[in-house]
Structures are given as structure tokens and as C-alpha cells.
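Right after this note come the structures.
The two complexes that follow have chain A in common; it is paired with chain B in the first and with chain C in the second.
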Partner chain A sequence: MKNVSRRRVLRGILNGTAVNVALPLLNLFLNGNGNALANGESIPLRFGTWIWGLGMNDVIFTPKKTGANFDLPEEIASLAPVQKHINLFTRFNTFKDAAPLMCHHTGWVILRTGMAPSLQQVRPGETIDVTVAKKIGSTTRFPIISATATGDVRHSYSYESENSVNAPEFSPVGFYRNLFGPDYQDPNAAEFKPDTNVMVRKSVLSGVLDETKSLQRAAGAEDRARLDEYFSSLRDLERQFDLQLTKPEPRAACLKVAEIKGEPSAGIDTTQVAQRHKVMTQLMAMALACDQTRVFNMSYAGETAATTKAGYDKPHHTATHEEVTDPVLGYQPEVSWFTRRAMESWAEFVSILASVKEGDGTLLDHSLVYAMSDISYAKIHSLDNIPMFTAGRAGGRLKTGLHIQGNGDPGTRLGYTLMKVLGLDIPSWGTLSNTTSKEISEILV
Partner chain B sequence: MTRTSKLVLRTLTAGAVLAAAATSAPSSTRAADAIPQLRNGSIGYIITNLHWAGYKTPDAKAECPDGKVNPWGPREQFKVMYPDDGKRTVMDTHFAFEISSWYPDAETPDRFPFYEAKGKYSTGLNLDGKVGPNDFTSPDGEPGIDNQLFRTIGCVENYRPPEGTTTFYADKAIMEERYNRMLIELTGVDSLENDNDVTVTMYRGLDELVADATGERYVSGTTMRVDARWGKKFVQTFKGKIVGGALITEPVAFGQIPWSSFSLPTVQKFHDMRFQLRLRPDSAVGYIGGYVDVETWYWQTMKSESTHHQSNGQTTLNSLYKVLRKNADAYPDPATGRNTAISGSLEAKFVQAFIVHPPTDNKVASAQVTAAPSQERRER
Partner chain C sequence: MTQHFFIPAAVLAGLMMAGCSAPSAPSASAAKGPGAALVTTDPKPVAGRRLITEEQYLNTIAHMFGPDIEVVAQFAPMQRTDGLLGVGAAQAGVPAGQMVKFQRAARQVAAQVVSNGNVTLRIPSRQDALIPCKPADAAKADDACARLFLGNTARLLYRRPVPEGRLNQFVAEAAKAATLSHNFYTGLAMVLEGMLLSPEVLFITDRTEPDPERPGQQRLDPYSYASRLSLLLWNAYPDDRVLKAAESGELSTAKGRKRIVEMMLDSPRLEEGMRAFFDDMLAFDSFASLSKDPAAYPGETGLTLTAAREQTLRTIYYLLVTKNLDYRDLFTTRTMLMSPILGTVYGVPTAPGWQPYTFPADSPRVGLLTQVSFLAVNAHPARSSATRRGKALRELLLCQHVPLPPPNVDFSALEDPNSAAKTARDRLTVHRKNPVCAGCHRITDPIGLALENFDGAGQYRAAEKGVEIDTSGALDGQNFRDAAGLAQALHDHPSLPSCLVRRAYGYGVGAPLKDGDTELVNQFTKQFAASGYHLRDLLQTIALSPAFLQVTPQETPKPATPKEANAQTQSRAE
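Right after this comes the complex of A and B.
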């Protein structure tokens, strides 16, 4: 029995409300290879970002060998278990051009928007996750989900525009409730019952939209522009309601998520940040597996990370500027301690995505994660050689396990490459010296 | 050419000036009528970089004792001074330490060692025209360089780029902030190569610097407006001459330049302030030197830089103050006899700019030129 749509449901009426009863996910929904649904639709591609603050110590971070089987210097030794899943990019630069160097701000803004900010107060424009979400994130409940392990809502690296920041979830309990709370529709549930609360909300929204449209006819040009922006947000909301009133597709990889009841202890000690990061990554992975979203952002630590180490008096950012470089080691040992903890969490992030079985591979195989720091050598706010990673094979479109050196090329080449891999039709990305139309071909399949 | 002029020219070939000099336009192109930036005998420049002068090698061996820089920053001193005994309060420890910086004590010996620059070399200027036992020699062999400020801060990590961040923040402040926009305008100029009588007037500017596409260099030829209202106190004039492409001004008794660090507007004050710059049509590079007022220098640092920023390069101001006062070499206080100023120079880079005066400004109307004090007064 071929070509059975995964949308096949049993339909009926209950108490005057339309009810669709889903079939369980059957093998016949999948094709013979297990990498696509039987109707030919591929297992969806996901795109995510991961960021850690305050860069690295080049002498113990950058591998000497490029290409496959690159060496793992001590600062990234913890990546050994996930080396086959990642690519490391070094010796790429970011260019502020005529703008001043905005410490800890310029670097990540360039790598996520392609543009150098002109002032510290100037927020980024549209970030790469938002651009990608417009392409692949419109059919899920959440176009984008963002989380920060620091517990600080200000640590967001996702912007719709200069005036619109996507606030990250900073509480594991809150993250659970948003993703898997009362509004969650389990795609594998035997029965689907539209949420009456959502129906009421949609009804109210429809009225608001009608009213707003009539208002727009009477508005001047400037007000119409404002109303257009307002409309966009309402339409997003409407789309979300529609999705919640539609039987979701069954997802084999989607498992029941245990409720997060207790908040991890508050604080920014690295052990607390790591714990929060792990819990939120697990929730994020299952949200992807359950197709609640296809675009995700995780912040391990902010660009001026204040994470602390028990028994050491300086937070991470303070240490980068104050700790004396050890003349024998050639780097700042305490700063490196913080960087090593970040790399451990990065390895854990990749491992969690790789642990979710999906089709003939894993969730990570069908994902593409773009990771970067805000700076290279934090003590002097260096914009040259900001380290970047990717993880995942993007459904087989990307090679992994490689160390690529950029020889001073714009770091925006990586973001551009990833957007092309994800099917965005863009001739170039970035502005001024950060403009690029050159993909990093070494990682393309 | 006088002996002083020769000395100046040799000094001006050192360090940063060397690069500018090496690329200077040939003399034949220096005639006023061949230089479009020189209009009606006038040419202006705007400051782009300003750092305390000194001679620094990567391993510090040539200038610091055994190549050692000061390890006793605020954090390091605090740990020793206030070991955690579980009994003392924040008031007894952190506050006490911070407050002590606001009441510095030059008399009590420091319990922590402080490494001063001990080497032979320093950049800067020969301020008194003499060669004394404490003077340095410029890297190209010019003796008599008066730079006791370098002796004081030369082995403090903060003042040692690239790791020391003072240089980075100083450049950043000049690019991003406005209060410190220093302009100089040369008038009565017949030639940028040789002219026995020119006038240099300093102003505070109103407009932003314009960087080139790299963001690392600045564009010459921009228009810069004079701040004739709030910048009046910075209008100062200097008489000088141009010898072999080098501007050499006479010192004025007292001068001040607008300064800004971490968005805190302040000033740096000099006794016997003077300029010595290698001139080009599109830039000027050299020194602004004199005897730096110790209290102003200290309080500018104290107020601008948090303990964190001081700790970026192990600058403990309590310790630094004692050495500043010890090394101060001019202008004794009439009451105590202790010197109040310390010899030092700023390495300065300018690019050419067209300076625009407001209609009511008669350029130097508010300037007060003061003759240099006697040699006897300067020294002690």
C-alpha cells in the first residue's frame, strides 16, 4: 500500500466540533530508505545557532592540521566524541570597516547579520536565523525558538529588525511550558481535539483583523506602514492558531517529554549554566523532533559572559581582561578554563541532537547548526579569527569532520554557505567588506 | 639650524615618526602654491591618535628590570592585603581598598615592589635642551630625552600595547567621543618645508572623524568646525617654526588638551607645553610634550578607569601615585618644595582637515599666550 499520506486521519464530529483522529505513525508512511515520508516529502531540515562568549586562546584552540581528522588541541579536546559531526572554521575575519569597534558586539553582529554595527546602541538588523525561518519556519507552531542558559533574558542573538528582538526563554520550566504545556498538540497522539481556547482566540483575532483592515483604509501613509507591521504579527498569530487547529503530522522521533517541575538553582556558576543548558537543549531537541519548530537558537553564555568558577574570584569576562598571560603556557589559564567548559557544553549540545533517532539517521543529520563566538582574543577585543563551527549534515548536503581555514576571508562566507545549503535564493550576503557571494565549497557534498 | 632644531629633527625620526618621514613628499613639492591643503598660508590638522610616549619592546627586556612588568595589580594586592578570614566586612576590605585610591599617599613606602623603566631608551622630547643623568636616549641615538612619566608607567602592563589596553581605549575614545576632538591650525605658513615664523592655534572641534574603509585610518581633507562656545578654554596659541619639514613650537607656560576616556570628559595639563611634529600636506606626526601636572594625570586616570580597567594591566593607582610623585621632576610646590609635574610626551598623529570658524570667531581672540617660564622655575 503505497502513497498513503501522512495526513490521513479519521474524521468526525464531537459536540459540534470537528474532530480528527490520527492514525499512529506506520512504516507505510515512510519510504523504503527511511529518509523521507512515503509521499516523497523529506524529513524536514532544521537550522539552529549556538553561541558562546569571549572567544578562545588561539595557541591551544586552533588545530595545526586542516581537513579531515584534524588534531584537537587542549582547549577543544572535549569535542572528540562529536568531532565526526562538526566542522571547525578558523582564520576567518570580520570587518568593522569605518565603524568603531564595539567591544563584544561587532563580531557576533557581523557573523549573524553580515553587517557591522555603527554604534553600540544600534541593534542588529535581521539575524540569520530569522532570514532562514522565513524560508523553512513557516509551517510549524513556532517559527523560531530561542533559549539562553545564563538565565538572563537579555542574552538574545536573534533580531527580527533593529526594533524587534526575539527574547529567549531563560527558564527551563518556562521553556517546557511554552513547548509542551497546555497548548502543545502531541503529533503522535491517537486523538486530536481542537483546543476550544484556541478557537476562541482565533475568532477574536479574526474580528480584530477585520477591524484593523477597515482602519487601514482611513490611515495615512505613515500609519499604514505601522499597521502593516502590526498585520504581519497578527498574521503570524493567525497562522499559529491555524496550525494548532490542524491535526499535526505524526513524528516518529517525537517522544513524550517529562514535565520540568523544578527550576534549576539560580546563578551563573558554570555548573549551573551547564545544567540549565543541558535541560534546555533536551527540550529543544524534542521540540525539533516533534516539529514544533525548525529554527532554533541556543545561547550558552553572553558576549560579556559573567559566568563564574567556584573558588576563583573573577567572572569570565573580567578574567579575560585582568588575568595575566602565563609566560610559560602562553595563554591565560583561568580564561581557558571557562572556554573549555563552553566547549564541553557545545559537545553536549551536538551529542543531544545526535542522540535523537530520526528516519535512517538522527535529528542532527537533518539539522544544520551554526555556532560562533563574539570575538577571538577577548583581552584585546580582536575581530580577526573569531572561531566558528557547524554541526550536522543538513540532510546529507554537508560534509562534516573538517577543519577549514579561511586565510582572512570574511567570516560571512560561512553564513552565506549555510543559507545557500538551506535553499535560500540569495546572490550574496553582507555589506561592505563583509559582503560575500563565495561559498565554502570544501564542506559541500 | 640651531642645536635644538637638530636635536628635534633627530628625535622626530624615531618610532612612529619614522614611517611618516620615510614617505614624506619631496621638498620640491612643498612649496605653498603646490600644496592645495595650504590655503592663504593656513593648514589645519585633526588629532587621530594620542598615546603616552615611551620605548617598549615585545619582551620588555630592554626597558624593564629582567624583562619584568609589574605583577601587583589591584586584584593581586587585594588578595595579599585582605586574606579571607571570614570575619571582615566589605567595608573593611573592598571599600577600604577602593577608598584608599581616592586618598593616595605619597609618603608611606609601598609594601609592594614596583618596577620602573630602567632602560637606556625612550621616545619623547628633550624638554630642557640638556642631557641629564636621568634622561633617556631616543632609539635613534638622540640623548637628553626627558620622560620620567615613561620611567613610571613603562613597565605597567596597561601602558604596553598590544596586551595593555590603554592604547586601545585611547584610540577608541578619539574615534567615538567628541569632547576630545583636538584641532590645530597653522597660520602664516609660507612653506611646509621651512618657515621661520608660524603660529599654531589649538581648538576643540565639533565634528566626527571620518575613517577610511578599513576603519583603521582616517581620511584627510574633511571639514571640521571649531567649537567656539564650549571649547574656548582650549584655544591656545604657540609660536613656532618649520625646519626641514618639522614643526617646532616654543613652549607656552601652561597648556591643556581635551581628553576623554570611557566617556568621561577631562583634560591633560602641561607646563611648558609644546608641539614637535613632522608635517605633511595630509598628516602630521610627532609629539606634544611638557611637564605633566601629576595631580591632573592621576585624577584623570582615577576617575576614568574603574578598578576593572586598572586591573586589565595591573595598574594599582595607590602604588603608581607614590612613584609618580617620586619621579616628578619639575615645578616644585612653593610650600612643600615637592615637584608637582613630571616630564612626559604624547605621541600624536593628525590628519589634515579644513578648519571652519564660526562667523563671530576671530580665531584666536580668546587665546592667551603666555611666555615660557624661566629655566630656573622649571627645574628643581
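Right after this comes the complex of A and C.
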């Protein structure tokens, strides 16, 4: 297939004209069964996270039915097209124990690290995506890619340690350039010619590694950890150079992506956030299909989402605290309006991953996405019943289409289950009341 | 090689890389002193290490290679610590994703520095201006020319003499790259890329030496002191003049330090430094993602907000440095710099460019608090926020701490459809009547309500929903009737100058203040008061203070043994 037509197909996706496009398969890259690459390697397993802020309204969010074919109350009605691809988890709790409740911070930190934070100012320790990337992210160009739809680089939910944040991509143009710009090697390119400059770069880098080692030797204990991380990051760069000198394995699902030249307008109106989210998700999906990374993070909105609605003077977060609960409806209608927009984007995120054909299934089938909010009922900053989702079958290891209720169990059970599914050898996860060693067996195949 | 002795003046004007403009002999660039014995790094004890910020990186590159070098940096934001992002750099690490961004930036810089230009695109050749010599054959290695360029460049980036062994490595790497690529300049670019990834370049390391005035104690070595000075005053790495003062021993004497600090304070680069400091202190990083609801404020575009930030930074420099105004007067003056795009927001006539504009004595616009930047950044997208403005005033300008809101509060009375609440004051009364909320709102709202004559976009309004706005309030016991009264109360507040002192010192040393620093801040504040609260005097006091120079090493390091040094040399030679 010529590149021109492949480019045209994806451009159609990026313009939003067709999300569920049947993408062309290059079967020569697959084995006879279509479930592995021609070289015998399995289609890789990916892990992603997705986060939205400010929780939900329980009365119109939580399905009455559990298990399969659960009902979709009005706040999550937009999930109908992707229901078969997702699981919904409700009635799981997070526990701050003796730590203070830091409103919108505590919940997501527990669900992504297993630990309740002690101070707002203290960044979380290693987040789950980083833990997973150490297991499955060491062979790709990027161990992790992160993006935020808010346009604000400060909205990150991925931390290597308290001192090291994985800053998200916040501009679609920049995201495109970083993924598919000059450093990108098309795995399906007919020709491969190693760049001699990369060889030289690698050689020069060894001198920098020596310098760093020299500093490490002389460092005090406190300083040492940062230099160790620096050294490890240089090593990762060296590994990237090695990748650039090696012909990449062809990837049938990988298409050429038309360059993104125009930045969506700045702002955090929900329509702008949704537009940014969609474009960045599409780029992320193709980065996964082209095996540029196997671990990915997308944040739809920050924890105290300042997302706005045209004609309404309160941003989402302010509305959760100030809007009156409608006595007839039993919930805050404007707040629910914002949550519904978030759920629409979540559905779109899942749809986009499901639209990329890969092997005998889709990119989503070979992925595992862990989604959560920061809070349950935002008006009172409730940590009980923070809603969570998964999407994807993790290469056939996970069931989907289920609604699971936790009956007050630690929400960390889900993160623990997912890490076990991904092959991490961990006896338990979390600290104090968030500690768990119990998988959610209902979703395991 | 052929050395350039003539560089066009226009190029030199934008080229602060003095090493290139007046090429030093290669031997002068490499350490011959105590540091030369080691292969790659200086063995002195380390007292602290902070990561370069994006602004510092960009400023340094611009000063070394010219302001037209384009870099898309995208460095990770620092964690605001002790009120400053600059202090967060003391803890910031470099994860793999950040290293990729550093490498990308390094490639952009290096490619442009050695660029041969493009006649069609009318891009001038930079290599002629920035490389101080020509190779005998541009398709081959030229060690002498490479040594000259790389020695000068490394000295400025590493901010200290580069050990001879390391410089030899650079030259060898450049030769290898030139041979592989058949291009001398590619060789230079590759090595420059590598330098820009060095922990010696991206981390600012405080190295120490014995303090002759305090036997048994340590102080910053002159190179670390030069970096600290330069980051405080210029928000960039030191230039050739400052490094020469370190090399010559001038920075090791009180007299020498005074001369250099005065030279730096007189430099036009002070403006960059002060803009960066006040941008950080005022938490203007929020402007990067700030937007206003176009339905509520159709005139407040991204361009307006950018101009608002610029207005405050320009005004601060103009008043505090150019006019040498009392710092406290920044909050009561009716003068600010104005541009045409802002003239429409303020409703005043303007001239092209940035010109001083003085509001009449009866104008509601008084001082920094009534500038669009402060009003808009501390507000919601579609409405004002007395609470945010009050909190910002206390935390940013008075260094006070406003507690976080309690988790379990119900503000829905604010939206009670039967409520008679029309103005922000009416609405916030709900908070102050609720005992759970009252504690914090009592300390923020009476301040912020004084600014309610300005909406969320910073535009003047006399009434809200048809009700005249009551702007009376109080700040720590001083009552006032309006924004002008608030400005005066802030001007007279004893924490206003001491907060600036605290921030400037923390910013200068690049680390959180310790408990024992309180007395130091008090001393600086007294001197600040004695000087008439002039910013330049405060900067000089801090920069020349013993505290700014004296440090305690984290731990006595273990220098590389001669055997290790040898092993490294051999490993590199291979």
C-alpha cells in the first residue's frame, strides 16, 4: 500500500470526520493467525491511564445492576458505544488514615501510588505508570508519554519520585513534533539507513556519562539520588540512540500521521478541552500503534478542574461547591453537565483506541487503560466511592463490559490487579489501610 | 586553522560570548590550576545543586550565541517551594522524559550555532560569527580550531575552567565526528550537544573552599559564587567578565566582589534578572495557561493577557530600577507603563510602544494591585474573586500562609435563588457567617473586596448587578474605604519589605530558607529600610553579604583516586 493513501486515511481521523475507520492491514507483517508479529513476537501489551477531575453524582452515575449488561444512568449514558470495552468500578474507597484530607489531592494520589499523601506541597512518590513502565516500557523510544487536554503543563499525574515529575505534552503541535517530528523512524519505511550522527551522539554521550559518574562518586547521600536518576536518564537516552541505529520492526497498525500545524485556541472551555483531548488521543493512539511507547497517560482535566461552560460564570470546580442541589433532580445540574462532557471524552478516548486495527483485534484489545477521578462527591471532597474504569482486554487477560462494586474495599485493589495482570511480581500494593494483596478476580480471564 | 580577528559589529552586539569575540588562547580555557589534575570534574566539596530553569537556559543560550537562536525547550515546571519556583529547582530531578527534552533543545542550539545559513531563506551564516576560526579544510577535523571554539564554549557553559583532560576529550570527539561526517562543523555541533547534556551544565553546583576568614568553615568557591550572583542578578550564567573575575581571584576579595556586583547591577542584563525574579515572586507562571471566558469578557484576549503580564514586569523595572523608587511605592504609585492594547482595557489614551502613564489622583487605579495582571490572574475565567486576590496579596506580597479550605464545606447558600445576594460582598458574607469557612475568609476577603471595582478581567466597574460596590475593608487592623486605602495599608505593612527580602534571598541562594535564616532576613530588612527601600541596595546587600557566600557542604566527598582518574582517561582514550 502506498504511503499516500495511508496518510489520507489517518488525516480523515484527525479531522474528526470518521473515528471508526477501518484501517488497512498490512498482513505481511503478521503471522498466520494475526495475533503476533511476523517475527514471532507477540503484539505488545500497553498500559495507560486516564483521569478526569471532580468525580460524579452518584444518583445518576452508578448503575443499579452489577456484572455484565449493566444499565447506564444518565450521567454515563454516553458510554453506550464503548460499554463492551470497559469495566466500571464503584463503591471502592480510599483511606487517608492519619494524614489530613487534602481535598482534591489525596484521592488520586492514593489510587496512583497506593499511599495517602501527608502534605499538599509534597509531590507523590512513584506513580503506577512509572512502576509499570519499568516492566514493559524499556524497549520503546519513550518509556512513557503523557499528555494533558487542559493546555497547562502543570497538570501532571505521573511522577518518578517526589522530585521528578513527568511533564505532560500540553500542545497538540508540540506533541506531534515530539512524536512524529525529525527523530521519528517510521517502522514501515522501505529503507533504513542508520544516521551516522546518531553514532557520534552516542559516542559523545559516553563522555557525559563519565562526567556524571564522577559526580556520583563525590556526592553526598542526599545529592546522590538525583545524580543517580540523572545517570539513569542519560542511559535511557543512550538506549534511544541504539534504537535509532536499529531497523525497527514493521508495525501493521502504524500509519503515517499528517502534520498538525494549527494549535487549537487557548482556553479551558469544555469544547476547547474536548478538541485538544481528541487530537492528542489520536496522536497517542498512533504513537502506540507505531510502538513509540507502551505506557501512556492522558488527563482530561486537572483535579480542581477549572473547565468552563460558555455562558455560565462558574468553572467546574467552583460549581461543585456553590451550585445548589436541585431538590427535584437530587443533584447539581450544572456540575453534572461538566461530568457528562468528561464522560463523552472518556468514551471518545476508548473509541479511538478501539478504532486502530491491530492483529486480529484492535489496539485497545492489546491495551489496558486505568481511569479514575480524584474524588467521589466533589462538593464535600469525599474519598469514598471514587469512580474508576478500565478499558481494553490486555491481550485477552481481562474481561470487559462489567460493573463491579467494591463494598468499601480499598480502591488500590484495582491498581494492584492491573499490575499483576501486566506481569509485575508484587506481593501487595499500598500502605496502611490502602494496602491490598487481593486481586479483583471478577475481571480476570 | 585560520583565526577570525574581524567580526562584524552587528554580530558582536548580540554576541555575549566574549571568549569568541576576543578569542582566548586554548590553554587559557583549560584548567591549569588545582582542578587540572582530575579528568572531568572539579573535586571540591558540594554544598548544593539546583537544576537550571527554562528561562535561565534560554537566557544563557541567547547571551552566548545570540538572541535569534530559536529553542523550543519545554522543560518540566518546578515545584513552587517557599513561594518560588526558583527554589523548587534545589530539589528538581531529571527523569528520562526530561532528558529527551534537554537533548532536543541541545540539538536545536548546536545546529543553529554551526549553521552555514541559507541564501534562499535569507538566513545568515552563524558559523562565521560564532566560530572564532576557520578550519584548514571544512570537510576534515581541525583540532586547533575545535579546541579554540570548544574551550571557550565549555568555559562559559561549565562556568569554570574545564579540566584539560575533559577538553582533550571534546577535541577528540569533535575530530571523530568530523571524520565520520566529513564535516568539521558537524563535529563541533555534536560535541556542543553533548556539553548541553552535561550535569555540570544543567545543574548549578555550589562547590566550596576553605573560608580564610572563618578557619575550619567553608565558603563558595569563586566560580560557584559567580554563578550564584549571575543567576540572582541576570537570571543567566555568568559572562566572560564575571568568570575572569573568578579566575583572577578578584571574586575572592571583598573589594573585588563589590566591583563586580556593581558592574552587574549597572548592566542592562539586570532587567532580565529582575523580570524573572518578580515573575516568579508574583506567580505569573499561571499566565501560561490563563484565559478568560470570551462570553463574559470579549475584549480580554490572549494578547491582552500577555500584555498585562508584560506591563507589570516592565513597570516594576521602570519604577524600582530606572526611577529607583521606594519598593513600597510600587503599590501606591499612579504611574504604570502602558501600551495601546492595554489602553482599551484601562480606557486611557496611549502612544505606540510602552510609555509611562500616570492616572489622575482621583482614579481608582492605584499601584500594582490595580494592574490588570494581578486582577486577572487572581480571578476566575468569568468573574472576579475577592478570595483569590486576598490570598495572593497575603501569600505573595506579605509571605503569610493562608490555610487550605476545609474539606467538608457547603457553599450552596451562595446560589440560593431566594437570596438577595447581588455582589461579591453579599455572597462572601455567607462564608464569613459559616464558622467552618470564617477562619480563612476573614483574612482574605476584606482585602480582596477592596478590589471589587475591578472585574475578573481587571476592567473597572462601579456596580455589580445594579448595586453599587462597597470596597471598604481592613488589612491587619488598618481600615480603608477603597483600593487606594488598601494600597496605603499594604504600603505601610511591616511584612511588605521583609517579604521581598525573604524572597530575594531565597531566590538568590536557590534553596528554601532555614529556621536560622529569620535573623538574617531581619538584618537585611533593617538595611533595606535604612537605604530607603531601594531594590538595587537590597540586591547589593544580599549579594555582598557573608551569608550569600558562606555555605556548609552536604558531605565531605570522596575525590576520585589517581587510579580511578587514570582508568577514566584510558577508557575515554579507547
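Throughout what follows, the second predicted complex is superposed on the first by the 393 of 445 C-alpha atoms of A that agree within 3 Å, B and C clash if a C-alpha of one lies under 4 Å from a C-alpha of the other, contacts with A are read in each partner's own complex, and residues count from 1 in each chain.
Just so we're on the same page, contacts are C-beta pairs under 8 Å (C-beta built on N, C-alpha and C of every residue); 3 or more make two chains touch, one makes a residue touch a chain.
Since the model is a prediction, treat every value here as computed from it, not as a measurement.
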Check chain A with both chain B and chain C modelled on it and let me know: fit or clash. clash
Partner touching more residues of chain A, chain B vs chain C, is chain C
With the two complexes superposed on chain A, say which partner A:D97 touches: chain B (first), chain C (second), both, or neither. first
Looking at the overlay, does A:T325 come into contact with chain B only (first), chain C only (second), both, or neither? both
Which superposed partner A:L432 touches (first chain B, second chain C, both, neither): first
Touching A:P73, do we find chain B (first), chain C (second), both, or neither? neither
If we overlay the two complexes on their shared chain A, which of chain B and chain C does A:A306 touch? Say first, second, both or neither. second
Give one of first, second, both or neither to describe whether A:P333 is in contact with chain B, with chain C, with both, or with none. neither
Is A:L234 touching anything from chain B or chain C once the two structures are fitted on A? First, second, both or neither. second
Of the stretches 207-215, 405-413 or 513-521 listed for chain C, the one clashing with chain B is residues 405-413
Common interface residues of chain A with chain B and chain C? 101, 313-314, 318, 321-322, 324-325, 379-381
Chain A-touching residues of chain B, taken from the complex the two chains share: 71, 73, 75, 79, 157, 162-163, 165, 168, 172, 175-176, 210-215, 308-309, 311-312, 314
For the chain A and chain B complex, residues of the former touching the latter: 95-101, 313-314, 318, 321-322, 324-325, 379-381, 432-433
Interfacial residue positions of chain A with respect to chain C in the complex: 101-103, 120-121, 123, 142-146, 150-154, 156, 160-167, 170, 174, 177-178, 183, 196-197, 199-201, 203-208, 210-212, 214-215, 217-223, 225-227, 229-230, 232-234, 236-237, 240, 266-269, 306, 308, 310-315, 318, 321-325, 379-381
Mind pulling up the chain C residues that touch chain A in the complex? 38-41, 43, 46, 49, 72, 74-77, 79, 81, 91-101, 103-104, 166, 169-170, 173, 176-177, 180-181, 186-187, 190-191, 193-194, 197-200, 203, 205, 285, 288-289, 291, 293-296, 302, 380-383, 404-405, 407-412, 414-417, 553-555, 557-560, 564, 568, 571-572
